[in-house]
Amino acid sequence: MSAVDFTLLIAAALLALGPTAIFIRRLSWAATFIYASAIVMCGLFALIGLAGLAGYGIGSSQVLPLGLPWIGANFHFDALTAFFMVILGIGGGAISLYAVGYGRHEHAPMRVLPFYPAFLGAMAMVLLAADAFTFLLSWEVMSLLSWALVLTHHQEEDTRKAAYVYLLMAGFGTMSLLLAFGLLAGPDGAYGFAAMRGVTRTPVMAAVILVLMLLGAGSKAGLAPLHVWLPLAHPAAPSHVSALMSGVMTKIALYGFIRVVFDLLGPSAWWASPAVILLGAVTAVLGILLAMMERDLKRALAYSTIENIGVIFAALGLTMAFRANGMTAAAALAFTAALFHIFNHMAFKSLLFMGAGSVLNATGLRDLDGLGGLIHRMPVTSFLVLVGAMAISALPPLNGFASEWLLFQAVLLSPQIPQAGLQLMIPAAGGLLALAAALAAAAFVRIYGVGFLGRARSDAARCAVEVDRFSLAAMGLLAALCVLVGVLPGIVIDAISPVVEAILAGRLPDQGQDAWFTIIPIAEARSSYNGLLVMVFVALSASLAAWAVHRYASRQLRRAPAWDCGFPNADPITQYSSGGFAQPLRRVLGVNLLGARETVVMPLPGDRSPARLTVEVGDPVWGRIYAPIAATVSTVSTKMNRLQFLTIRRYLSLVFLLLIFLLLGLMIWI
Amino acid sequence: MALFSNPVQLILAVPMISAAVLAILPGYKLSSRINVLACLVTFLAAFSLFFIAPPAPGTYLLIDELNIVFIVLNTFVGFTASTFSASYIAHELETGRLTPIYLRFYHAMYQVMMFGMNLALTTNNIGLMWVAVEIATLSTVLMVGIYRTHEALEAAWKYFILGSVGIALALFGTILVYLSAQPVLGEGPPAMIWTNLQANAARFDPALLNLAFIFLLLGYGTKVGLAPLHAWLPDAHAEGPTPISAVLSGLLLNVALYAVLRFKMLMSANPGALDPGPMMIAMGLVSLIFAALMLYRRRDIKRLFAYSSIEHMGIIVFAFGIGGPLANFAGLLHMVMHSLTKSAIFFSVGHIAQIKGTQKISEIRGLTQSHPVLGWGLAAGVLAIAGMPPFGVFMSEFLVVSTTFDRQPILALLLVLGLLLAFGALLLRLTGFIFGEPTGSLKPSEASYVPLIAHMSLVLMAGVYLPGPMVAWFQAVARLLG
Amino acid sequence: MVLVVALAPLLVGIVRKVKSRLTRRQGAPLIQPYRDILRLMRKEVVLAENASWLFRVVPYMVFAATWVAAALIPTFATGLQFSWTADLIAIVALLGSARFFLALAGMDVGTSFGGIGSSREMMIASMAEPAMMLTVFSLALVAGSTQLSTVADYLASPEVGLRVSLGMGLVALVVVALAENARIPVDNPGTHLEVTMVHEAMVLEYSGRHLAMIELASALKLLLYVSLIGCVFFPWGIAGSDDGIAGYLRGAVLYLSKLVIAGVLLAVFETSTAKMRVFRVPDFVGIALMLALLGTLLLFVSRSL
Amino acid sequence: MDRIAFDIAHLLAGGLLLVSFMMIYQDRMFSLLRVFAFHAVVLSLSVAWQAYNQNAPHLYITAAIALIFKAIIIPGALRRIVLQLDIHREVENVVGIGVTMLAGIGLSALSIVLMLRVTNTADAFAREDMAFALSVVLLGLLMMVTRRNAVSQIVGFMSLENGMILAAAGAKGMPLVVEISVAFSVLVAFIVIGVFLFRIRERFDSVDVNVMDRHRGDQR
């Protein structure tokens, strides 16, 4: 049995688990059974993917007599698929493990169980599909199932709105993809990926396809300005679903982009790449700024997903720029950075969403301003979330830094590009990415500092208890992965290289030979980084310092009330709130970039009502793009709606006028 | 029974005889069973056409690859709708919306309508076809007005007037076609036989054909429900009994479409005649976008789905207007899928409206919680009709959009715009229907879900797997349509 | 590595001394910072009741991260043993780690001052870090490497000449250094006045050995920046990896004198300017960001000339 | 086919068109009904003349149907309805009669030009007939569109159907189907309209379509 058959079988089994859930819904172990099966299957995905990256089973295909009748349903397993299988397998597996524990708290499990495994299966189908129809079918089924999952808590108005916006954007994306595939397939309907691959296209045609792919895959991944659904839908879903959507599904969207733009379309003209780079960089900054301003824990995480997607798109754009100029080594570096970051983001974003889910479970709150002090009540969760926050803030020696480092190395290769425009633009985009990275650190200090540190701001947070072992195990797994990958990035780079090789026909130097797991993307004189040693050095010097201080100086400790510059121990609400923490950045960047407004209502002297500070900050994209569209549709449909209330005579007049019009037309014509 | 050795005769005779029987038979229970039985027999007879070699085209009857699709679909949906009607109509009697005498009338008319539609599909004579469409129209007019409320009468009246004008225009077109054929084929009946017309179309006077097609497109187009000729459609769907809404959307529109297609083939066969494509594309697009926008302001659930029918007829006409093997295939597939899906939607809507006692969109909430099967069934139907996979409509929309974009990018973009607008509206309403806290009556539905599930299973199956013979046959038809 | 730790308080001492003399005070002796740190080390720690384990770990983490970063910068010789462990970008990121933890610690106890400090620190950092990154970019683009030893070697070589971009980079880096090290005009290292403090507000709750570690870390950080500026922009006398003992000695002496000069300059600058309002700071640091970007962009212009 | 025959056919068909114009011109209900009866008479004459010329005896039946039903029974019935329901005796127009007339002239010009252009190959009889028939059809439609009350709209529809019959009769050798269908449609139309009018009488106080329009759906 070839790899593709085996993977298909597992995907089919996952899809079939959905209906199974309906039949076994009365059994007490139904949820555990479903999630446990999902763990097993995802584990198999990961294994198959890893085996594929090691070279086993690559290139196997299968055609089933399904889908479009004259070409059937084509499936193919190659290195790119294998890599994303690993993402899906590890992410899906860890999240399913988490769900074993988390799912017990679900009030209406039947709104999750039938869709959850099928969602995983649909994502696998997207990865395997090798013709346009199968691809889009799986893609849209994936959207549909995640939509159903988002609607788990459908009683809430916000959830319904979120789900609506989500599926509408998904529909928009699918239509864009459909148009892109229409162009790729040509007039004769050559929908197979194999047939699309060899065709040469004019640069304009390729650019149109690229734009459509940016719209289609970008809307699913969360590229600005198509990201609006993401901060709505991800928080609304149950947390393991949020984790799956943010950590894994957005990666599947990126897979779609990579598959079409890098694999099917081939090298594009150099002038196509700046748009991608710039979009990516702008998305990154916008996303993280919004994350900085957001009060809702899960929504802030969702915004941070947008940031990371932006980073990845910037890396992909760099790859396109290098590739268009035939700089294979540089392209390989940028592409490796993109794939590496995809992997990393899967790990830490899933971890963070699980953490948010644990917090939600323990306190029932998503509002940062109700949390605080969780590090005392939920020590393990807090520690694991800290690892995730460090990783996502790109702090060495964790994994987030490794991929950002690679990306910056790629940015630094820009002088070799012949086009002056790109030469100037890439470092500028690099600056934006650096800004995003710095803001990410600020945003996660805020999230962690307000949410987990300090004193509890509500009773719910005060009485929080640590979550169950399954959840902790799942988070621990991913946290360990973050550390491990950060410390040993060379192994990951080598594992990715078959993918890079397959897409770009070039790769980074083999990292396995370098001493002490150092990574050297180009040459040692140019740049190198060793996560292991950094970690060892930091750990050693920290321990050394601690040991020395404790050994030779004092080790006495006394607990006392907080000093706070002499103020008495005030109420927990005097702590910095999430809004307060964001205030400096809101004033500095938010006013101009996001249109943030602060209004202060000061009561007159003698009036004892409290002073109020209201902050208005939101996604500028809503007001600039989506609200006008919605308003237009509303106005036009209201105007049109008069046609429903005409008299019969007027309807007849319409018929009559149409007839006259056509007759006149005919008369003029002949 | 030598007379009925031919299944085609059976298809026509069974509804006619049972109409007569039902007209005199008291007692609604028996009537509804006979109704179902008659529809079943008709369907089986139609289905047997797959296996028996179809009879050679005669003066009156014609079975070819094109209309066999329509006949089988027609009788099948007619059958499922009759089973749905059996469970639906009992409830109407209980609530006193209908009296037994009206029920008798209803069942008889149901069969008359089936007869009209079957005749329109099987006849080989353009005049007879016109008559048959007229019969079907008039019988549905009576059914739409059967509740005799203000709204129902108004809807029926509107339907009647607009339908009559349309049918008159179609008659004029038919006469013109005859006139153009007459110099070639000679006077009298041969000049009205489809097979003759089709074979000799190349020699007809193209100018006359052009004029004829305008009248035919407007005439039968009124029946298809193309904007701006659609006005009767939403009200007729909304105010009639729900089985009739299902039949109207699922069948009658197809019958009219069939007529348009036949005449389009005639036009295509004549080299000098205008290309009917652009006209159909334009009307299709107008219907699609117009109906999509209208969806946003609907307050009545059945009217909502009636507008959705207009929208889909727009897509189908658009696809046939684009032409070519892929688009024609897509058009046919879309038509079949739309019939099945839309009637399934009306089945569930019928039950919902009966449970809730209202058709107001704002009063239907949280169905997945209170009535899981109905709620999710409706969800499946609406998502399917909105073009979501893994349902069959997705495949046809995939083909239409992807083939159009390469050839006519602007048209494809307009098409996509319309599809998205409609998707947005349907999804908005669906979210309201099936999610949130349930409102209104929560009593369980005792109705049978079999027709609903049967239709949705077929649509689901078609979305992922089309049987080989069916594909071959669709492709043959697509080639036939040019 | 030990050298940097040993030297760091000295630099602070120099700055303080010069500042005092400039304001016509006698000033504490040069070794006062050493004394301070040792004294703090010996004192007991008074821990806020609400402080978590993170609060206790952070000083060591901050110290370690800063130390490692500082150790990776060539002071007087380029051939560092482990220079390939991390490059300039990693050094920036290590400093980022230190700041990250410090800001978290500021939030940990749950007082309003900690929050002030953390939020302002992160705001300043989110402008300063990209500026630094862009400076790194322009350096790396000039030198074709982000490896500090290589960069220093390259810039020490005669082929570089004078470049506008490097000048801009220098200004940007100095501004960043001022901002990152909590110096006037961004922050006042000596103040404990609520509205003005940034760095000090974060570490307000620390005492005893923890405070000592943090003080040491910030001294280290100052040294780090001075070394960085020294080795990148004024790489005269840095010994190559193959130079002999004499080379090393010469490098060491020059390095020490560079430190002294930098300390004096810093003190002069701090005495002659006033602290700005917090919301002026972004403009100030933003200038660095702009300069760094301009430097990077001008690089291409000057290259193509 | 001689000249006289053609001229007579021409005269009759043209007469039908003329009567159509007269109908548009009427502003009293009863005179409208009278003119409509006359319309039907002219139609039956025209059809009969065609029957004679084409040697098509079945067309005589059509002529007879037209004469009996449309010229006598229907106007009589409508007259009764108007009397019984106490409907306004005036025909309410949407636009002025002058404008309507102008539009009607334009329409008949359009249809004649168009018809003569497209029917090059058909014989002269058919061409004339079709041209006039199309004008009558369009005028009937115009009448439906510009009149406010139901009875005059029905009359408009009937005159439209008259045009159809003229066309069908003019198309040489058109099989029996047409006659059947015409009879059928006239019959059914009459019945249905009658039923409707009856019901509408039952439910509404007037046959004025505007009253019914108040109950249009989706406004609840």
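Every chain is named by a letter (A, B, C and D) in the order it is written, and numbering of its residues begins at 1.
To be clear about the criterion, contacts are C-beta pairs under 8 Å (C-beta built on N, C-alpha and C of every residue); 3 or more make two chains touch, one makes a residue touch a chain.
On a predicted model such as this, the values are computed, not experimentally measured, just so you know.
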Those chains which touch chain C and also touch chain A: none
Other chains in touch with both chain A and chain D: B
Pair of chains whose C-beta contact count is the highest in the structure: A-C
Most distant chain from chain D by Cα centroid: C
Averaged-CA centre spacing for the pair chain B and chain A, given as whole angstrom: 44
Centre-of-Cα separation between chain C and chain B, whole angstrom: 77
Chain C and chain D: spacing of chain centres that average the CA atoms, whole Å: 98
Gap in Å, rounded to a whole number, between the CA centres of chain D and chain B: 31
Chain D, residues touching no fewer than two other chains: 114, 117-118, 141, 144, 153, 209, 213, 216, 218
Multi-chain contact sites of chain B, meaning residues that touch two or more partners: 157, 161, 165, 207, 210-211, 234
Shared-contact residues (touching 2 or more other chains) in chain C: none
Each pair of chains that touches, named by its two labels: A-B, A-C, A-D, B-D
Contacting residues of chain B [partner chain D, same complex]: 125, 127-128, 130-131, 134, 138, 141-142, 145, 148, 150-151, 153-157, 160-161, 164-165, 167-168, 171-172, 175-176, 178-180, 182-183, 186-189, 191-192, 205, 207-208, 210-211, 234-235, 238-239, 298-300, 303, 360
Residues on chain A engaged by chain B in the complex (per definition of touch): 65-70, 132-133, 136-137, 140-141, 144, 151, 154-155, 157, 160, 163-164, 167-168, 171-172, 175, 178-179, 181-183, 185-187, 189, 191, 633-634, 636-638, 640-641, 643-644, 646, 648, 651-652, 654-655, 658-659, 662-663, 666, 669-670
Contact footprint of chain A on chain C as seen in their complex: 1, 38, 41-54, 60-61, 63-65, 67-68, 71, 82, 84-87, 89-90, 93-94, 96-97, 99-100, 103-104, 106-116, 118-120, 122-123, 125-130, 133-134, 137-138, 140-141, 144-147, 150, 192, 194, 204-205, 208-209, 212-213, 278-279, 282, 289, 292-293, 296-297, 299-300, 303-304
In the complex, chain A residues that touch chain D: 644-645, 647-649, 652-653, 655-656, 659-660, 663-664, 666-667, 670
Chain A to chain C touching residues, read off their complex: 372-373, 375-376, 379, 386, 390, 393-396, 401, 404-405, 408-409, 411-412, 414-415, 420, 423-424, 427-428, 430-431, 434-435, 437-439, 441-442, 444-446, 448-450, 453-455, 518, 520, 524-530, 533-534, 537-543, 545-546, 549, 552-554, 556-565, 567, 570, 572, 574-576, 580-585, 587-588
